[in-house]
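Look for chain A in each of the two complexes below; its partner is chain B in the first and chain C in the second.
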Partner chain A sequence: MDLLPFFEWLDTSILADIAKAYGGVFVVVQTFHLLALSLLGGTVLVGDLRLLGVVMKDVPSQVVIQNTQKWFSVALVILILSGLFQAAAVAMKLYYNEMFWAKMTGLAAGIVFVYAIRRPLLLRFDHDTINPWALRLIAVSSMTIWFTVAASGRWIGFS
Partner chain B sequence: MSKNVLEKAAFVFATVVIVSAVWFWSLQIESVLDLLEMAYG
Partner chain C sequence: MLNEWLLNRARWLDSMAWSTDLHESLYMYAWVETTHVLTLTVFLGMLFIIDLRMLGLTFTGVPASKIADRLDIPMLIGMVIMVVTGFILYFAIPVRSTQSIWFRIKVVLMIAAIANAFLFRAKMKAAAGTWDLDPKPPKNIRVGAGLSLALWSGVVITGRTIAYDWFDCHKELPYFMYWAAGCVDEMAAFQ
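Moving on, here comes the complex of A and B:
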């Protein structure tokens, strides 16, 4: 599927006009993007490190996952919306940037992983009944995915 | 989906993610090292 028409549309959209013309608006949106990234990273770290038994050992892991999932979703929505706005400013540059596609691949993999596997397994079933190695692998792969998404996003600036 | 199916999916997905991430980041580090070698010898 060729996404070039979408990026060409984004490059000439009103979002791109605003992002290019008003640096102050761009910076404010970028601030929310980074705050949401911090929130997402925080929820991922707290949940996954609890699954690994590193932090908050006195709180059941199921409680930690239940409380962090809602904020994870909030952060993800803010990240996608603010990211779309920022991408509009440099849409064609991003289309030809390999690291941008690495980030998008990681993001897609992360969303599928969270909503199709991690969330159903960890919210529906008692963690004591889940294979401990499955819990450990979920935690490690979750941190790996979201680290890759964040770091490859930063790497776009260097590539 | 049943717990067993989700557990198996988690095993497969996690393995693919970890192997892919190790491969991906090793390529990035290799390219940075090549760049540093070109710059400083």
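Moving on, here comes the complex of A and C:
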């Protein structure tokens, strides 16, 4: 599926006009993107490090996952909306940027992983009934995916 | 006086070969900056969880002091790496950073955020046992947590805006801005 028409539309949209004309607005949105990234990073790390038995060992892992899932979703929504706004400013440049597509691939993988695998498994089943290695595998996969998304996102600016 | 002293120190750092090498390196600067941003997410991510608990917005069934205590070490690990990489980034571009109004506000906000963290911690320890299990902590704790979130958000905003040249010394600015940004040469020319 070629997404070029979408990027061409985005490049001429009102979002692009605002992002290009008002540097201050762009910076504020960019900051929200970073703050949301931090919140997402915090929720992912706390949950995954707990599954690995590194932090909060005296709090049941199920409780940690339950309490971080909502804030993960809040962070993800802010990240996507603020990311869309930032992308509008340089839509055509991003379309031809390999690092951007690496990030988008990672993001898509992350969303599928969280909502199709991690969340259903960790919220529906008692963690004591899940193979500990499966829990560790989920934690390591999750951290790897989100690290890739964050790092490739930063690298867009250098590529 | 302070502006001159800061600028002289920055120029001294700038004269070092390592500073130039780092600034002009193809990948090293990018790696350091990426590490800075990624460890920011570790530090701030842990801080968000602690502050959200103190605001009564998450982990309400877990004692507040337990959340703060257990996430302390990963938060500090993130902070140490973030501070070290931050110093390296400053070392790579010392003069422009010293004369950046955003960098200066960032440093002030960081000092305020660290002071707030110490006060907040003292209040938490003093009140240990009295509200630890309350889903919603007392007002002074919630205010401290809100202030912490606001101050660190300010640090991120000003950190991000350092990259923009809106108020750089080479721009035409009011005298006050030259003074606030430490544009020593421009201030002299103004007079």
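The working rule: the second predicted complex is superposed on the first by the 159 of 159 C-alpha atoms of A that agree within 3 Å, B and C clash if a C-alpha of one lies under 4 Å from a C-alpha of the other, contacts with A are read in each partner's own complex, and residues count from 1 in each chain.
The rule is short, and it goes like this: a contact is a pair of C-beta atoms (placed from the backbone, for glycine too) under 8 Å apart; a residue touches a chain by one contact, two chains touch by 3 or more.
All figures in this text were calculated on a predicted structure; none of them were measured in a lab.
In the superposition on chain A, no contact is made by A:91 with either chain B or chain C. Judged by the touch definition given at the top, the superposed model places A:39 against chain C, while chain B stays out of reach. Look at A:30: by the touch rule set out above, it reaches chain C but stays clear of chain B. In the superposition on chain A, no contact is made by A:51 with either chain B or chain C.
For chain A, the partner that touches more of its residues is C, with chain B and chain C as the two candidates.
In the superposed model, A:107 makes contact with neither chain B nor chain C. Contact with both chain B and chain C is seen for A:155 once the two complexes are overlaid on the shared chain. Once the two complexes are overlaid on the shared chain, A:19 sits clear of chain B and of chain C alike. The interface of chain A with chain B overlaps its interface with chain C at residues 155. The touching residues of chain C, when paired with chain A in their complex, are 30, 33-34, 37-38, 40-49, 52, 58-59, 61-62, 66-67, 70-71, 73-74, 153, 156-157, 160-161, 164, 166. By the touch criterion stated above, chain B contacts chain A in their complex at residues 1, 3, 6-7, 9-11, 13-15, 17-18, 21, 24-25, 28. Residue ranges on chain A touching chain B, taken from their complex, read 102, 109, 113, 116-118, 120-121, 124-125, 129-131, 133-134, 137-138, 140-141, 144-145, 148, 155.
Of all the residues in chain A, the ones that touch chain C in their complex are 23, 27-28, 30-31, 34-35, 37-46, 49, 54-59, 63, 67-68, 70-71, 147, 150-151, 154-155, 158.
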